[in-house]
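There's a structure below that I have some questions on.
Which chain is which? They are A, B, C, D and E, in the order written, and residues in each are numbered from 1.
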Amino acid sequence: RDQIQIAGSSTVLPYAKIVAETFGETFPNFKTPVVESGGSSAGLKEFCKGVGEATIDIANSSRAIKSSEVEACKAAGVTEIQEIRIGYDGIVFATDSSNGEMKIEPKDIYKALAAEVVVDGKLVANPYKNWSEINPTLPKGPIAAYIPGSKHGTREVFEEKVLAEGCEQSGAAKVIKAAITDAKQAAAKCVAVRKDGAAVDIDGDYTETLARIAANKTGVGVFGLAFYENNMDKLKVATVDGVVPSTETISSGKYPVSRPLFFYVKKAHLGVIPGLKEYVEFFVSDAMVGPDSPLAEYGLVAAPDNQREQVRKDFAAGKTM
Amino acid sequence: MNMMSEAAVEKALDQKMNDVSYKMIGKDVSVYYGEKRALFDVNLNVRQNTVTALIGPSGCGKSTFLRTLNRMNDTIENCRVTGRITLDADDIYDAAIDVVELRARVGMVFQKPNPFPKSIYENISYGPRIHGLARNKADMDQIVEASLQRAGLWNEVKDRLHESGTGLSGGQQQRLCIARAIAVSPEVILMDEPCSALDPIATAKVEELIHELRTNYTIVIVTHSMQQAARVSQRTAMFHLGQLVEENDTDKMFTNPDDQRTQDYIMGRFG
Amino acid sequence: MTTSMLLLITLAIALIGYLAGSRRASALAGGRSSSMHSRPGYYGMFVAVWSALPALLLLGVWLVAAPAVINSSIRGDFPADVQAQPQATQGLAFGMIEGIARGMLALSPEEREQAERNPADLRPLMGSRGVAIAGDPEPYMVKAANDLNSMNATSNLLRNGLVLIVAVAGAMLAYRLIAPRFRARNKVESVILASLVVASSIAILTTIGIIASMLTEATHFFGRVPAHEFFFGTVWDPRFAAAGATASEGQFGLIPLLLGTLYIGFVAMLFAVPIGLFSAIYMSEYASPKVRSIAKPLLEVLAGIPTIVYGFFALTTVGPFLRDISSQINGLATGNYANFIQAQSVITAGFVMGIMLIPYVSSLSDDIITAVPRALRDGSLGLGATRSETIKRVVLPAALPGIVGAILMTASRAIGETMIVVLAAGVAARIQLNPFEPMTTVTVKIVSQLTGDLEFTSPQTLVAFALGITLFVITLCLNIYALYIVRKYREQYE
Amino acid sequence: MSQVVTPTAIATGVRAPRRDIGLKKRYAAERRFRAYGIAALSFGLIFLFVLLWSVVSKGYTAFQQTMITLPVEFSQQVIDPQNQRETNAQLLMTANYPILARNALAKALGISTTDRAKLREVSQMLSDGVRVQLRDMVVANPAIIGTTQTVTLLAAGDLDSAFKGQIDLSVTQENRKVSDQQVGWMKQLAEAGALAKHFNTGIFFNGASSRPEAAGVGVALIGSFYMMLIVLVLSLPIGVAASIYLEEFAPKNRFTDLIEVNINNLAAVPSIVYGLLGLAVFINFMGLPRSASLVGGFVLTLMTLPTIIIATRAALKAVPPSIRSAALGLGASKMQTIFHHVLPLAMPGILTGTIIGLAHALGETAPLLLIGMVAFVANYPTTPMDPSTALPVQIYMWANEAERAFVERTSGAIIILLLFLIVMNVGAILLRRRFERRW
Amino acid sequence: MNMMSEAAVEKALDQKMNDVSYKMIGKDVSVYYGEKRALFDVNLNVRQNTVTALIGPSGCGKSTFLRTLNRMNDTIENCRVTGRITLDADDIYDAAIDVVELRARVGMVFQKPNPFPKSIYENISYGPRIHGLARNKADMDQIVEASLQRAGLWNEVKDRLHESGTGLSGGQQQRLCIARAIAVSPEVILMDEPCSALDPIATAKVEELIHELRTNYTIVIVTHSMQQAARVSQRTAMFHLGQLVEENDTDKMFTNPDDQRTQDYIMGRFG
């Protein structure tokens, strides 16, 4: 095999594509790597099939690999995995550009979307019908939110950073904890989303969310920062806790909702698959993932300088998980 | 049906024949299959309550002519009919005429038996049902039984009315098709060699049926058997190479034909 | 001699065998071919089959077996320290050896010698020949690569010789069997029959493959989630367990998905079957040949449009249209301009999927209806039936088995469709009966659980396999029932 | 009754009174039935046209691409300042070509080469693909170094969208990808005739790219071509052979019933499951490469087989038994009867199955997901064993892209897929028309 | 074919008939269609170079018996045959027998004409082609012409050999099927009412053909016409309700039958 094979997350895919393409152009003696889409899970599964020419070299992932997956990898002979953190993905709320300025706080989202909210100190099925009942700056009209489906890694971030936070802020967490002793179940309750059609799971990509918002102007959608930046003329982004999402605010940690993106390299393949090492080095170079790089331009939130430096060092040192 | 004594009917019919009333009139009928012309300006009138036999060598156009009488030719893609054919003075090729009604009035038994792939009962009841001729199940049973009886098939199939019509022997299928046609009681019945696959006894039965039907219906029959033509028909028309050679009273035709070709054909001298 | 060359030569021998066999049969017949059992061509084919078939089988076996044998032999010669490494690492080393071996062939003898002496030079040298070597080869690898090359050469030589011998021997044997009473046609036909059987067995193998490729993972799933929770659960929420529910990580109730599948499939069939069937009837019985010859392929284009296109069509056009229409209707009727049809709904998905399925019903049914013999139509028309009566009562019943086949296939497609449902009906698994509300299907969940970002060892991902097998079994039962029904109403014409 | 009937009595008696056979109602039913047919057919066709219209109206612009024609100075200063290209082969490959294009554009716009902020905006107007374009020119002919050549360069995707009016320029500058400055330059260049829309050959021939302006379906076309070839070559003969065996030879018993049901059932298997099968059997077990159109072809073959088998069996069933008897009665063997008489009569149905099956296979993405064909592949595959994608995959991937310029290209790719579909099926459709006969 | 004078042939045949050589022997042949039994232990031998006529009322099992002779019953799904039938002493229901070869040796003309939906030429040439009876195109043309000539169809179709066989008239189709069957020159020819759709002249031609064929072939013919049976056959077998009532020399059968039922049937007294 003379071509690098990469599989995994569709969130990382656009970045990987840009790198792969530039890599192919910059190193004409290597073929452009093949980057498959198909989800972090499928990618890691293929990654953990084993070592050898018939297996992939890199798995892109929009979440950190889980320990059970590392175990499965080990069982199949993939003992040395190098983890590369490439940067952050900002998660933003946006609505159709015809709406007014939007300022939201996690507790607004929680109130709009939770399965049960606290009214007068009691947990009741979510009674809210219109955005305006929750927050006057939100779009005028019935609540409709297009949130990532449960298959998406983004959903987890959304739950942790928004719903759980909102649960806390709105005081619902206390009531729930009072009612349910099991901490795990209480946490689950906090992030449970209403199922009466107001919150719509999106299993597809952000284009689908965009299309849904175009069809329903009062809807609020969850997007990746990169996607939003490419469609700014059609979307109006919401501030969260008063912070406008941007690469700067996210990398500085001011904007709360973001998640790291990764890829995993099979160390055993380094030096065996032509160009693999060069590809990884190319990817983590500042020319690719730095603040002024094409990836950043596309929407990747670059990691802080020291983190990037650390990643490069770890890779060069052959640090495995 | 008719309760008159046979003799009376015979007489009445003979008288009738004198003031000749025509059920169907064909004038200058020509038929083309694509380029090929199969009938040449045929002028043939079908008399009411009469059995008209069409004879002639194979391929001379008998079936073709028969099919023009109820417009079954319409279903053949490249077939074209010119000329005029009337039924009770209505031009049947007129745009105003209703083919369905025409075919309900002018029934047909085809040369190749073509039972539907349904049960024997359904084969017979099909026509009456679509025309709404039976008020209820008992009515229908009665029609089915009567039709099968008259076609001489009842005894053979009465125990298997609900088996498929395609599982019958050749002759049985043909009788089934006859029964099917008479079940809708058309005014004119066209029969294309109804007895070709029948044994002599079954043939006799069908001939008897034809005889009986004549009192109320007009019948046109294609046959290859001169004997049969002589036995059942009052008028005979002889076709040859798409032309009507002669049309005459059957008696005359078989004893003293006008045309030499008829003579030759009947004597078995050409073909 | 390359494999394709060998293949060509074998086929050439078969061709010669064919010619010789036919000639001999003709000669034996001495001009009166009725004295031979079969036509000369069959004798020729008999010889050809006997020459090509065993040879090709041998070649096939060799192509599979030889690399395996060589591989294990080379690996057996690995130095002890390498052999001590795990199999996977050895496999990688072998891959590298193969690369070196390939590179060796591109070198001149002098260069090769030099390379053997100096393995360090190998990489740049081969790089200059366009052969990429992964790393710096260890000395044993160069030797192994040489061994590999020589073994491959021997194996190829042996293979070529044996295959050709078998081909020629087969041809000669068969040639000698040619005799007047020899039933060559029967022999050739039994070979054809055998190939027909092999072809049908592919369907069986596919089934076995499908089940096998899902079974282990499905059992893992059932090891984690109790079967009754899966089969009888009424809530699909694989991420969360309801308070007080079992310890498994979520709720995996199949029922809402199954209902959604059947409901959406049913609605789709409600659109596709009448439209498709009436189109077929119109095309085959009423339309002029010209209209038919244009309309039929046009409708077939509907089957070729990628489903994602339908999906976006539903998402951006049909769904909002139905929603707005419903609010208009509601407004006119009650004065309250609230929509009662959701933008994503069972009806949207069913409708759009129905459009996609039209050609499945229409084209096949059209062929079958056209094949009904004219005599049947004539029989009915001659009794004074109208065209539509003829069609309804004679033609359609006669064409029924084929039409039912087409409809079953359509239903199958409806059940297996994903993209349209995702975009038109959404992914929310709910139990409800209102066609204007969203629902989702089993296939949607199979795809989304398989392609998500969730842990691949978790029940959330494994459930896809359980869903796959369950759907397979359920559709199997439906098909058995359908077959039973079809058998009951079958009409065979003639 | 023995009373003598007068001739006139008979005359009226035999003139059977017109029966009421419910003609009016039946004709109404007939008209209704026919109207249903017309309605159904028109419904299908209308929706086809609506779909096509929605695709074409969005997608036809994809076949045009904004380009900027400029005199580019291949400055030795930039490409090879130390004049080492004789000794260092890599040099020409890695030189900073985009600078050349940027400078050329800046010159055309009259911007000083020291205004860094503006230069940045200028360079954003050009596609990153100019690097390869200029490099290839220089590598092919190093002699042009130091000369000035007129070159037609790809405009950046955002500029392309802006020029085609697909970006809402009424929103504030911050909320869109092109600045007012750039729009002004764009208009200036367009007036000068340097910037114009050209026919977009790239969309047909280029491989995948993350840059919309340079992206094309070339790889996908080849992949789809290979796969369809494999599907046709495998599924038609196998499907027909299997149907013949099952319909004509197999003993009618429980086992063959099971096979029949099983084949019907395979049609209901979600297509992604075929991907699982392909992954398990062809890649993991047989060791075929990932992302290869060979594997894709195999998987789609398995997926198409049930369709062809069901259609073929239905068509074989519809051949009247009398034809079989006629041939058998002449001493034809069963095999001869089938191949000489039954199969030709069943041909229209078989071809219909093939047309529909291939159409389905051509438009299918899901099974390719698991065998690695839903991928970014930039290099042309030379054999079916090389990584490639397929047309629906390209459509799927473009549909999920964030950039505006991919929206029209998605529709453009759908148009290409439909053209491919039509070309692929024309043969089968003509053949089918030849085999059709009424009798 | 045979160059002997007619008288000599006649004589030779008569001599032959004395030392009776059987071409086909049917022993205890029973046929079931599913549950229904259509033939009951029929014992009927077919003599070489003889025309055997099968007569009997419609549905009595004539076609069924005929079809057992070349195993065409195999093609009917639920049809089962018991008993023993031999051709030249080989049991034709033996596993070792090649049905295809059997059918090439025992040809058949069906009751319902069933031309292939191909051209007339291809209809005829198909058999010779699969059996390799023509070395080249000229040979084939010659076979086609000869077969059509003998079936009395040549003159009618010689200008349209390449038009579809299904576009012929009923009688023409029947003659086409006869021509098709004799084109492969089988040893035994089974004819199921070959003349049912033919006019007298065409019938005469076919009868002449049968007469001519008899010198080289063995013929079994089903007919409903007693006259025809009397004219063409040397042996006649009478079936009734699935049973073989009587088998005898034709002369004897029609003058002095052994069985009362035969007598009745021939006299037209039952059916």
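Before moving on, here are some points about what is shown:
Note that a contact is a pair of C-beta atoms (placed from the backbone, for glycine too) under 8 Å apart; a residue touches a chain by one contact, two chains touch by 3 or more.
Computed from a predicted model, the values in this text were never measured in an experiment.
Steps from chain C to chain D, minimised over paths through touching chains, total 1.
The chains that touch chain B as well as chain D are C, E. Relative to the C-alpha centre of chain C, the farthest chain centre belongs to B. Each chain gets a centre from its C-alpha atoms; the one nearest the centre of all protein C-alpha atoms is C. For the pair chain A and chain D, the distance between mean C-alpha positions equals 31 Å. One inter-chain figure worth recording: chain A and chain B are separated by 83 Å, centre to centre, where each centre is the mean of the chain's CA atoms. Averaged C-alpha coordinates put the centre of chain B at 30 Å from the centre of chain E. Across the assembly, chain C contributes residues 185-186, 312, 374, 384, 386, 389, 450-451, 492-494 that each touch 2 or more other chains. Each of residues 21, 26-27, 321-322, 333-334, 345, 369-370, 399, 438-439 in chain D touches at least two other chains.
Multi-chain contact residues of chain E (touching two or more other chains) are listed as 100-101, 112, 130-131. Pairwise, the chains that touch each other are A-C, A-D, B-C, B-D, B-E, C-D, C-E, D-E.
The touching residues of chain E, counted against chain B in their complex, run 33, 55-59, 63-64, 111-113, 152, 156, 160, 167-172, 175, 192-193, 196-205, 224-226, 265, 268, 270-271.
Chain contact summary for the complex, chain B toward chain D: residues 2-5, 8-9, 12-13, 15-16, 19, 21, 48-49, 77, 88, 98, 100-101, 104, 130-133, 185, 187, 215-217.
Interface residues of chain C facing chain A in the complex, by the touch rule stated above, are 86-89, 91-92, 95-96, 132, 134-135, 237-241, 243, 312, 315-316, 319-320, 342-344, 422-423, 426-428, 430, 437-438, 444, 448-458, 460-461.
Residues 1, 3, 5, 7, 10, 13-14, 16-18, 20-22, 24-26, 28, 31-32, 34-38, 42, 46, 49, 54, 56, 97, 204-207, 226-227, 229-234, 294, 299 of chain A are the ones that touch chain D when the two sit in their complex.
Interface of chain C with chain B (complex): residues 374-386, 389, 393-394, 397-398, 491-494.
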